[in-house]
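Read through the structure below, which is laid out as structure tokens, and then see the notes.
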């Protein structure tokens, strides 16, 4: 087991975003957390990364309790985040954005090789390497955010709503890439998505969230036929 | 009462009047102003010029002084509608420096020499000085406090509180941000103008440095220490910052340090002021939680 | 059918090159609850803000009660009698609950210089504000500072303020988000009661279950466009809506 | 022509000094969004420390080094003790705190070192430059060379080092920078170290340039530099440098040629308000 979260609670002042969610991610797995917007998915990833304060709960990563660890220590321990809406550094160039991903870790990875590999994966980034990230389109920024997270060769990749605001064609490409990274490069991925069908397609297990609590979990093959998913998204089914 | 005590008391009352104006702008309407001394100065210079060059009596000039101060406040308040937060703070600092520079360098305003020979206030054929002038100032302070009190109970005041708390929500309740911010600005600068007129006729000599940026900081410190938005804060703050330096006269060298250090400690540990929500004074006195104006 | 209370035609809003709202038509009739739905980034909130005057439309018209309101500032839209709530609650934190409602009661005063100098502490005003608090179930908290209320009560307070402003039309911006299940049920009952009192309601919501249960009709947006309109059950079975919400299975799998 | 050139050279020197003081303010505003008025007090402390070290050791190099070290420490103390706890309040609270720190330090200096003007009798080891029959004094040369050097070092640190990249990243999105493994709190403190050390250089330089060190020498720069960063576009380093140079030149030339009735110190604020009315984000603002 690479990551285990027990009884997570996140609150913004009085607003309960997440109340009592538990899950685990095994090494080499691709796990999805799905749910309509407002279900608390982004808060969970923020809490795992350490950039959103946790009201209650425990996070165990790689055998260590990291609940009280600041975000930068978690990052240095091998957790990387692709944030919602990419959040690239707008006034840094593409290359500089990538280099922030290996801050204080340049010597741990074969940097030139990684960069070459990433530019091969995302040729558009190679073309724009000296442009400020703000000048990139939404889809390009999303690719940059993924590359920035991958450059340090992370152990666990957290991906937040990567499909949001992307053209359908790009969504397919990104999901294919994530699937490939997981199957062929052994990368462990925790995917948070509104796009339920596409993420269920590529992941092995999933958790279904509704207004801050987990309402279903299990193998994606079973979940895909589960009426509760339709219910969570469309409010129909039982009634 | 000795002349010394009367002098201190008169200045405290004048400052309290000016800080009441600042309270309307900052405390009630939430518009940060770090240049309030400029409007204090505009009032004082207008009164001084009307008295010395225009040969107006204090009473004849007073409505004009308040009107002109308010109008200049309206004019200079316009930038505050375009900028927010820290930009507004810098803009008001800038206004203070510019106004001071105009007083100091334009010959019409007496330049570095300032304006002297301002006559005393006459009332019923009697020259007001000493305790009589203090009474006059107290009268005006009472009037200003009454206006403030009335403002906090008026719909206009309520609109300003709403704007201070949440501009977007206030607008969704029909409150025009432009109209009510400017209303607060005009009212506040008008009070500063009144204080300026009293100051000019009391000192009988004014110069630009009386209204320089450090004076603005003193005025703000009075308000912050008293507790922004509280009706009585200007009085409390003016008394504390007016009396303390006098008590510390024996160690005159440390006066200013004490003063600035107090401001630093207040803002660092009690940003709400002595009469602010949850302050130690409130807890001590077991005051009830404040109402809208408090 | 009679003329709509709120009528939106060809509404568009572009930011930079991006069309956030693209040629949307919508009509809201007196006495109904209309839901405006859509996944994240669909343009619901922009649409809402266009109605409230926060943004100025790039194209299109908005009519309330037959009169154009597009291009008006937020306080002018409010003055026409449209009340709204905020997705992220915006109470006047330092004021009491009662004073919060009184601010909204002042809607008839703020427009005229001569009317804004009277006192808001009169008995009549207080009683009218208390009646509104009674209606949303906050009467016993009237003296409490608004900033100290829990979220569920703040949502009610916002509805009370919106009712004071708009006695005929109220726009609710995700009033159910962040609430617990039992609070959601209570708030649903409140919205139903308000409608029974004759107030027309436009609801933006992403909680599907709530919307399906409350609304008479639903309009669904996706990528700024209107992709569906109909009764809740029609919407639930609309393939375009299902795709917008659940996503696609991906090209290669579908093929 | 000769006089004009001389005025221009003086104006550039004045602008260079403004730039040195403004840099720290810009860096701090860029990363914390705090208007660090007390920065000018740090600059004054720098001048005094430099003078103290110079008078005891006689070494100008040690004077610069001592002033930079002392100011760096002072800057970090202000950040940790005053700004950091106040960041959760509206922006005017740290601003008033900053003004209070500024005035307190001025008062402390007055009490410790006396209210009078001290002289800074150091000779800067720079040769006079001869450009086309025109002579530039050693002091002016020193101001030019040292400013250029500081800008170069700053450019190198922010543009070419890993920690500089971290500083720029943290100033654009602090949580995401954290998520990339950057310790932003450390980076913020480092920004104060850097900005305060540069202010120390400016303080020593001004002390020597005018041969004067006094407690309130920071008063005018304290607020004028605020105007400069507004004109330069809040947080933009290049904008701040350009605005500083323009202001220095404009002030000197206007005083020398146009017979304007206003003092030079008001000029910056008039420019600032004009710019704010015209473009909210300042000349080089990014419009965030």
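To keep things simple, chains are lettered A, B, C and D as they appear, and every chain counts its residues starting from 1.
Note that a contact is a pair of C-beta atoms (placed from the backbone, for glycine too) under 8 Å apart; a residue touches a chain by one contact, two chains touch by 3 or more.
Everything quoted here is computed from the prediction, not taken from an experiment.
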When every step has to jump to a touching chain, what is the lowest number of steps that links chain C to chain D? 2
Report which interface contains more C-beta contacts, comparing A-D against B-C. B-C
Where centres are the averaged C-alpha coordinates, which chain has the largest centre distance to chain C? D
Just curious, how far off is chain D from chain A if you go by their C-alpha centres, in Å? 42
Per the C-alpha centroid definition, the whole-Å distance linking chain B and chain C comes out as 42
Separation of mean Cα positions, chain C and chain A [Å, integer]: 32
Intercentroid distance (Cα basis), chain B paired with chain A, Å: 55
Among all residues of chain B, those touching at least two other chains are none
Chains touch one another in the pairs A-C, A-D, B-C, B-D
Could you list, by residue number, the parts of chain C that touch chain A in their complex? 39-41, 150-151, 154, 174, 177-181, 206-213, 233, 236, 241-242, 245-253
For the complex, give me every residue of chain D touching chain B. 33, 35, 82, 85-86, 89-93, 95-97, 99-101, 103-104, 107-108, 110-111, 223, 226-227, 230, 261-263, 265-266, 269-270, 272-273, 276-277, 280
Can you name the residues of chain A that touch chain D in the complex? 49-51, 70-72, 75-76, 80-81, 83, 87, 89-92, 96, 99-101, 103-106, 148, 152
Provide the residue numbers of chain A that touch chain C in the complex, in ascending order. 13-17, 36-38, 161, 163-165, 168-169, 171-172, 175-176, 193-199, 201, 211, 229-236
Along chain D, where are the residues that touch chain A in the complex? 162, 165-166, 168-169, 172-173, 175-184, 286
